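Across the two complexes that follow, chain A remains constant while its partner is chain B and subsequently chain C.
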Partner chain A sequence: MTDKNDFTGKQVLISGAAAGIGRETAVMLSKLGCRLILIDIDKDGLADTVSNLFGTGHSFNIIDLGNLESIEPAFKGIVDKHGPFDGFVHCAGIRCRRPIAMITPSILSEVLKVNFGSFIELTRCIIRRNNFNEGLSIVGVSSISSQRGGVSVTAYAASKAAMDCAVRCLAKELGSKSIRLNTVVPAQIETRAYVDFLKMTGGAEDITLTRQYLGLGEPLDVANLIVFLLSDKSKFITGSSIPVDGGFLSS
Partner chain B sequence: MCSFPELKDRKFLVADTGSAVGQELVEQLTGLGAYVVVIGDPNGSPLQSISAFKESKCYISFDIYDNSETESNFHLINEKFGLFNGFVYCAGIGGVRPLSMTKYSFMHEMMNANVYSFVEMARCLAKRNCFSDGGSMVAISSVSSIKGLKSKIAYSASKSALDATVRCIAAELSPRRIRVNSIMKGAVSSDLNKDYIQSNIKLGEEDDLKRQLLGIIEPSEIADCIVFLLSDSSKKITGTSILLDGGYVL
Partner chain C sequence: MTNEEKLRLIEDTLELDNNSLKESTFLADIENYDSMTKLTLIVLCDDEFNKKLTGEQINEFKTVKDILDFMG
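Right, the complex of A and B next:
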């Protein structure tokens, strides 16, 4: 039996790799022999991630995913230099917690652009001929807010729901090319963004956790699912949004 | 998520009446160094004649759909094998009948094999000295759980009910960090020659298979997903029904 968990010789692109889930996924993949191309806007964080990676041949690029026009030329430079991809993980995204009165058109379009627009643009670039190898798997990091109501997260939740919807459509559109797309749907995960959120709420109890039976998740828990979805172990899973939520969505 | 070294020496109980998925699962688990007890295997030995593990796998035959016997059988299994770290319900039956023929007895037989037996086993296992804290339970469900198909009233209802029990048992056992999930599978190659799939095709639903964009699923693919759900790699995943359908529901 071939080891379906061996990523030797494979190349994966990770956006938002400077921290949290993106960093954890990068480190795990590098342990499994994968070569990584990391992108983020946070140069220091990205350099920190790279210093944690196992193996050699990894590289990183500073790209502002909010500038959608810049993605295609930047991607072209990457693929010319490093060759085609076996996987793409979209972890990049901005949090946005604003009541409706404060969701101005510019805020809404900014959140949708960074979280969703860049996912589509990177996917559009990667699925071109010669830019991917057979069995390409694309994984987006969504959120439980895409499926449940949350106060003041309208813009963020919409951007994540848009991604869930896009993987269903694209899974169908690209199924004939054996390209798979899925999202992972984390609940509260102990990341820098979550710690910032707790500070913002002034240490009030996070009520989400009362329904997240198994407690706060770690980036590692999400990375495990992402790696499973990138691997050939999930060869027949496509167009799905899989919760890693400690029971939240089923409660 | 490496190659699941934590599964070595763990003990798993698998309810399976000889399916290809069950066989593949046993191969994968024992290959990882785990111990597996299969109950309901038609070629297995009678429960009374078994005394603990002789090798890494052990096949026991008894009628797993006779829920009046489950508690006493599980008592014996517990005496012989001790604490389990995981439970997989690969058993269950299929069946295709139009509404006019879906009588109570047929409905009941389907619900019994696909839901009641699973719940009864989970109930017996959930006792503290039978199932390890932090353990994982996996039930095999189907895309029928969330899809409407002709002549699948009983089957679909039973799989929906199964997924509902998974959510509720997950909530109830979460204080012990026991996780419960199901896999909603699409059409698997090893099932294609079964009577109920063939009669479905005769009912004019052969195009149905074409909706599975990535082709027909191999039993090993299902086993891969079960092993992931049994492993610590999924330790924050509970109450979920994972679609493993090659894009069928899209």
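Right, the complex of A and C next:
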């Protein structure tokens, strides 16, 4: 019997791999034998991630996902060079915290383009014939803000809700090709931005005090779920948005 | 941008009455000065002056002049 957690011979594309959840997922997959193609706009961060990877054959590409028109030619270059994919993880995103008064049309457009538009465009590229292997699994990194109201996260939350909606539609549309699509739905992960936000509010808005029973999450917690959704262990799961939230959405 | 222009920009952004702010105004005396107001000022510094203000820094600020100085 083959080990369904073995990614030897498989190739996965990760956007937003220069830090956080994207980096953690890349490192975990590389330990399981997977070959990684990483994309991000942050060259130094990407190089750092690559230096942390196990195994050989990985590569990275600098792509500005805010420029949607540039994605298809860049993707074509990648697939011509490296061949078809077994998985795609969309971690790239702008973490935008703005009151409504500061959400100008250009800000809204940028957040939706990078967080959601590039997910659709990369998915459009990867599901073309010869660009993927049988059993392709696509995972988007969503957020609990897609399901619960939050002050000053309107643009960000809308972009994540759009992704949740897209995987429901595309799971149905692409089911006949055995392509699976899901999102993971993290609650608050410990980041510098969050710690700074807590300092500003004097800790009054610390959700771990009330709703997130298990405290702040780590990128590793989210990466574990992503790797499961990429693996054959989750072969009957598609169109879902799965929380990894320390209890938040149940509270 | 002169300090007068910055004051008008902050008033406009926070929807305060025209000419209600002075450099010496204490931030704590601004109407409804709370975490949303601070966040708005952080975003304003980023958008208009390309300056990254942290939550910790803004908590240290006492008067409007501290913000004007940070804007540069």
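Some observations on this one:
Quick note on the criterion: the second predicted complex is superposed on the first by the 234 of 251 C-alpha atoms of A that agree within 3 Å, B and C clash if a C-alpha of one lies under 4 Å from a C-alpha of the other, contacts with A are read in each partner's own complex, and residues count from 1 in each chain.
By our rule, contacts are C-beta pairs under 8 Å (C-beta built on N, C-alpha and C of every residue); 3 or more make two chains touch, one makes a residue touch a chain.
Nothing here was measured: the structure is a model prediction, and the numbers come from that model.
Judged by the touch definition given at the top, the superposed model places A:Ser152 against chain C, while chain B stays out of reach.
When the two complexes are overlaid on their common chain A, residue A:Lys31 makes contact with chain B while staying clear of chain C.
Looking at the shared chain after the overlay, A:Leu249 reaches chain B, while chain C stays out of its contact range. Of the two partner chains, chain B is the only one that A:Leu214 touches; chain C does not reach it. When both complexes are overlaid on chain A, the residue A:Gly239 reaches chain B alone and has no touch with chain C. In the superposition on chain A, contact is made by A:Asn224 with chain B only, not with chain C. Residue contacts after overlaying the shared chain place A:Met200 against chain C, while chain B stays out of touching range. Residue by residue along chain A, chain B and chain C are tallied for touches, and B comes out ahead. Judged by the touch definition given at the top, the superposed model places A:Pro99 against chain C, while chain B stays out of reach. Across the two superposed structures, the residue set of chain A contacted by chain B and also by chain C is empty. Taken in their complex, chain B has these residues touching chain A: 1-3, 31, 167, 170-171, 174-175, 177, 179, 186, 213-214, 217, 221, 224-225, 228, 233-240, 242-247, 249-250. Residues 13, 15, 35-36, 38-40, 43-44, 47, 54-56, 58-59 of chain C touch chain A in their complex. Taken in their complex, chain A has these residues touching chain B: 1, 3-5, 28, 31-32, 168, 171-172, 175-176, 178, 180, 213-214, 217-218, 221, 223-225, 227-228, 231, 233-240, 242-247, 249-251. Within the complex, the chain A residues that touch chain C are 97-99, 101-102, 151-152, 196-202, 204-205.
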